[in-house]
Amino acid sequence: MDAKAVPLFECSGINKSFSGTQVLFDVGFAIKAGEFLGVIGENGSGKSTTMNIIGGILRPDSGEMRLNGDAYVPTQPNDAMEAGIGFIHQELNIFGNMSVADNMMIGRYPRRWEKLPFINHRAKRLATAEALKRVGLDVSPDAPCWSLAPGERQLLEIAKVVSQNPRMIIFDEPTTSLTEPECRRLFEVIADLQAQGIGIVYISHVLSDVQRLSDRIVVLRDGHAVKSTATRDLTRDGIVEAMVGRPVSQLYPDVPPLGERRPVIEVQGLTQPRVLKDVSFSIAAGEVLGVAGLMGSGRSELARILFGLDPHDGTGTISYEGAPFDPSPRDCVSKRMAFLTEDRRHEGLLLTQSLTTNLELVHLSGAGSGAHVPVDRKQQVSNAEDVAHRLRIKARDLVRLPAKSLSGGNQQKVVLGKWLVDAPRLFILDEPTRGIDVGAKEEIYRVIAELAGQGLAVMLISSELEELAGLSHRIMVMSRGMNVGVFERQDGGFDRAAIMARATAADVEAA
Amino acid sequence: MKTLTQRLSNPRLLDLVPVVLMLLVAVFFSAATDSFATWANVKNILLQSSHLAILALGASLVLLVAGVDLSVGATMYVAAALIGVFMPGAPVLIWLLAGCGIGLVLGAINAFFVVRVRVAAFIVTLSMLFLLRGVGLWISDTKMVFAAPHLLEMSRASFLGIPVPILLAGLSLVFVHLLLSGTPFGRSVYAIGDDPEGARRAGIPVERVTFMLFVLCGGFAGLSGVVLMSQIAAASSTFGQEKEFMAIAAAVLGGTSLFGGRGNAFGPVFGAILMQTVQNGLVLMDTDPYLYPLITGAVIFIVVLIDTLRNQLSERLGRSPIRVEA
Amino acid sequence: QGSRTIAVMFDSLQSPFWISSFDAFKAEIAERGWTMLENISNLDDSRQFQQVQSMIERGVDGIVIVQTDANAVIPAIRAANAAGIPMVHYNRPPAESDAKSVAVQADNRTIMRDTVTALVEEAKKQGGKYKAALLIGDLGDQNAIARRDGFFDVVDQNTDTVEVVARIATEWNADVAFAGLTNALQANPDINFLVTSSDFLHPQIEQALKVAGKWHKRGEEGHVLFAGFDGDEGGYARLADGYLDAVGVQNVFFEVDLTLNALQDMWDGKEVDDLLLDPGFVITPYNFEEKRDEMWGYLVWKSQNG
Amino acid sequence: MVSDTTVPPRKQGYRVLIARLLSEPAFTVIGLLVVYTLAVTAAVPGFLGAGTLSAIFISLLPLLIAVIGQSFVMIVAGIDLSVTATMGLTSVIAGSVMTANGGYLADSALAVPVGIFCFLFFGALVGLFNGLCVAFIRMPPFIVTLATMMFVSGAAVLYSSWHTTSVSIGGLPSGFTRIGYGTIGPIAFALILTVLVVVAADFGLRRTTWGRWLFAIGNNPTAALISGVPVRAVQVSAYTLCGTCAGLSAMIYSARLETGTPVLSQNLLLDIIGSAVIGGVSLFGGRGSVLAAFLGVLLLTVIDKGMQFIGLTLFVVLSVKGAIILLAAVLDALRLRYAEGKS
């Protein structure tokens, strides 16, 4: 047989159940050396589960896998790595308490002496620096990882896998915490890898990326591989329909026109040493203010200060609904401010609690609530059902299932949902659609637009310019902790090139 | 060039705070009594803290993966009682090895339940605390078990000019330090402590490493039991009681986190010495014995208070700033 | 007489004194053909009270108790009174109350006073000024408190001979005692007058004195005047070897006999005094020969050493 | 017995029932209780009598109160090692107020009310201190309360040494000691008190917003903070309540012993934490209930009582106790695994 005909990797008939519920049904696909295979599907359709099986983290109930034609049965993550399959996980594997070099080399330290288990720290640092250079990440090998920004962590993780010279690499939503320039850098790296004959499995909810880069696309729906086709034979609408099971013609809803400007929040000259400098803006009722900027431009910090999560001991004033306001999370909640955090696992969810418990929390802490107030269980369950229905949260049981059993996208909907039980007046959304499928994205966009239409003020932080442009009335650009410009919607759109230029310009100047 | 304030706000500088504290305590006692700041007394403090230092080193290994071992005190007792009853005449080296060995076995029992059966470490070691104390009483028939004369001589002897108990504590320190900072095993301990799930995904044999840590903790407890017995000549029915809390306190005083992932080999030794220094100073000053627990409690409180504030500060300073000023 | 069941309730078996007492009870009760149920409260007042209740529910015929606390034992006595079960306190009397029970006691304070007096007299005989250290027991234990007070009763009267430079809290804990004494010897290398509140600390004291180079027999240069309390086998051995100068002895066998006789008398309906005293005695090298047969530690020592 | 083949639906129902039982955390503890009780009864037939059972029940009340207090703290992912020290401190302070032997309020009508107030107040005070340190300074609870334990227990011994030449303070007024075993009508006073605590705690935990907040904080303090939960205040409340419960528990113990003593239940710490954990209160926060506390306390008390009944030697008592706690934990781990595999 011709060696070329044997695929680099191939799996077929993979079934997997979690405590009685089947989530994968006869999943199979193949990938050739140097091929870029896009894997897409709704949240919870089984993408990560499939990849976890390939990566040796989960065992399939049945099914077989072949690597270069040989049977491949990984029983632990190391087996996958040794067989040449690299895996960049959806949830990052960065240990914040260790240095960059330790994170990079853990599990395969260079030894000082052949026979003795002692680490050669010098070789470790050198190898790390080498690997970092390959992905263009400019941090010291000795830097502690807790000081890295999310994007830097993601790049570190990629550098780690790439440096192990695998034959195939699985990327599970690698761009969720990367900004444009970093994404471009990543794609260059991937192209480079492809050219070396490495197979790429790439999971993403950013369909445009997948469409642009992939050779072939596998679509998963409810645990079935419903499509596996060459990319050039697919249209965007076709992909979306295969994924969601219905056509999604218009991703972004119409932006409702703004009536009379009644500011909900006004920020004047907000300055916080080392974080923010002289930031002023206001958001009116019914307005969506997009906030654009590069990683580390201070957008999240701004949001956290507005919500009282980070200290504000600098200068500047915040006024909310006409009155000066010194924010603390509790005040914010009782004044109907809402905040969707960037980091849902660590700051958003009660992972081991039920969805109802998660969804009722804000309501129980909001205005008119106190420690002594009895909880009306029935009311809470019906509220939760309401929200779950509105956001189309896919869950078998709202009362008993813990939040951690949901897929990433559905988890995000739960975090969003808890703020919707009581109608908020100002909603700060920090990367609300990170890691969320198109179907769900469309739903979240619809909800945002709907709420804005009802007079909610929205501050939307996003690294997807597309998204900002589709939803915002105005876009504020931030750079190095400053507001470097506000763009108005004109003729139904924004000048994206100008926004990008403004966001990067200050950095270039500084450099 | 860095400005002065930048240099001063270097978080690494803050790591010296515990040392400064120790110095303050030392300066206070030196001023208060003549006999504190003597070479003999320093040796004395080190001698008295050696068993606790060894114990705390073991305890901190387990703390590093967010575990806990409450059975170390009872392990000390069982090790001391077993050897004292069944092989009192054995040579010193055998005493030490047997102490370690018994500890390792008991540690392995803990490890089995924690890792294989997956029962919370707190509850496994809590029940082992009762169980082992019972076993120790059974072995010794509740009587005092005496250390053989040659063991006592060992505790008074020196090797290369270093008293043997201090030497043993020092060797333990070197061993743990090399293990934690110099070996892949040690580095994986930190990864597990930070995020066990992530460590598993990263291909670290989480179970095996955790198992080994509990075993090692037991081994250090056994060694500590022999060292203490060699110093105080006998093991009564309360031998090692409440040492588990002392060991954890020493580890935490030295900056080991109870939530895993943070700490090093020097911390627990430092903590043990600090605690012993306070006790020593109080006796030297002939303080009213009623005040001992009050002062010890207060000192632990203050050290932890300062350590907590220091951590918060260093976290704030260490967070890489957004470069507002270009 | 029919077989009797007796509950023997100790609060701990921390020192040889208690272990020997416990063993003596076991032996003596078996001798008399009775049955013994044992309960040890581990120094926990509430648990001891529950244990007494359990024993009452079990329907024992008599209770021997070493209470942790003189006041806290009173409800237990009342409960025993209510159930008509006689109760005898071994070695420690309860606090005063309307509850009826019998106590067997060695007068700790007096015995300690006599012991320290003997030591002070020895000091005066040898002349010079003395620097004293006292190893105090657990500050939560009434016997320890009584012995401490007995010590100070004497030294406070003899300040011209003895100056107390160290009070070492031992918490009845061997390693605390060892460290404390070592530290005290560090601070005051000239300590030459030492009293321990219990003989069970002798191994630690010997070790600490050896480390400090002060372990010398009577009559040798640098001998530390040294008194113990309890009269256990360790105390006997060191007295015999010439390291100790005085030991306050409580008489275990005598007290055990007193206790069980009291129970028997109460069953027989005889009147028994509320307080049965073990006068105790002080043994010194001067009365060693005549007194040692009364010292329980000697008997234990003899049985252990052939 | 009906054979399986004739009535398959019954068998189905039976299976479901077993699965249900196994998914219930109380299952292991209750199972062990039954087995242990039968075993002791086989050795000492009198054990299963109504007298013993009611004695067990009455004797576990103060422990239960202390464990409920500890549960609050454990639910917010904390731990309070200072409870027993607090119990000793409140006991001597209240004792020094009430005692007829030279108490501050000896023979005054105010003695008992003020004494009771002292139990609650100083209990709450120590709890408050712990809570403030944990919530506001963010010190690790384990070590803060360890330091508090040392300090407070030392202070208790010192304080009582000022008031008595012996160790403890006796001569407490009968109006107070009645709390221990007195009755109101046919019902023990301590029982009424405990039931009140149990009902209030259960209502608080399961039915009020405060209860939800506790669990939320135990699960994820940051998420709770962002959701508007007054995290610090709730943490402080948990510790303060724990201290108050310790005071209350000390009150019953002291009344029963008719004594104010600094070492009151000093060896009970591991029993308190152990009961909570055995019952199913998680050490890592976010899980716990009054029922769990009760079951844990019941198991430990019955174990103790059984061994007292048989009159076993100390080392057997300790070993058996350790072994049973371990067994309970192991069975529970196996049960969980089995239940997870089945559902």
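Note that the chains are named A, B, C and D in the order they appear, and that numbering of residues resets to 1 at the start of each chain.
Criterion: contacts are C-beta pairs under 8 Å (C-beta built on N, C-alpha and C of every residue); 3 or more make two chains touch, one makes a residue touch a chain.
Only a predicted model underlies this, so the values are computations on that prediction, with no experimental measurement involved.
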item: Chains partitioned by contact, chain B not counted; value: one piece
item: Contact-richer chain pair [B-D vs B-C]; value: B-D
item: Far-end chain from chain C, centres as C-alpha averages; value: A
item: Centroid spacing, where centroids are CA-atom means, of chain B and chain D in whole angstrom; value: 30
item: Gap in Å, rounded to a whole number, between the CA centres of chain D and chain C; value: 35
item: Centroid spacing, where centroids are CA-atom means, of chain A and chain C in whole angstrom; value: 72
item: Shared interface positions of chain B, touching two or more other chains; value: 137, 142, 290, 292
item: Contacts with two or more other chains, residues of chain C listed in rising order; value: 13, 139
item: Junction residues of chain A, two or more chains touched; value: none
item: Interchain contacts, given as pairs of chains that touch; value: A-B, A-D, B-C, B-D, C-D
item: Chain A contact footprint on chain B (complex, rising order); value: 178, 182-185, 187-188, 190-191, 193-195, 198-205, 261-262, 318-326
item: Touch list for chain A against partner chain D, complex; value: 19-20, 307, 309, 329-330, 332-334, 339, 341, 346-353, 357, 360-362, 364-366, 369-375, 418
item: Contacting residues of chain B [partner chain C, same complex]; value: 33, 35, 38, 40-41, 44, 47-48, 51, 137, 142-144, 146-147, 152, 155-156, 228, 231-239, 241, 276, 279-280, 283-286, 288-290, 292
item: Interface residues, chain D side, partner chain A - complex; value: 207-213, 215-216, 219-220, 222-230, 234, 237, 286-287, 340-343
item: Complex contacts: residues of chain D adjacent to chain C; value: 44, 46, 49, 51-52, 55, 59, 62, 157, 161, 165-171, 177, 180-181, 253, 256-259, 261-268, 304-305, 308-309, 311-314, 317
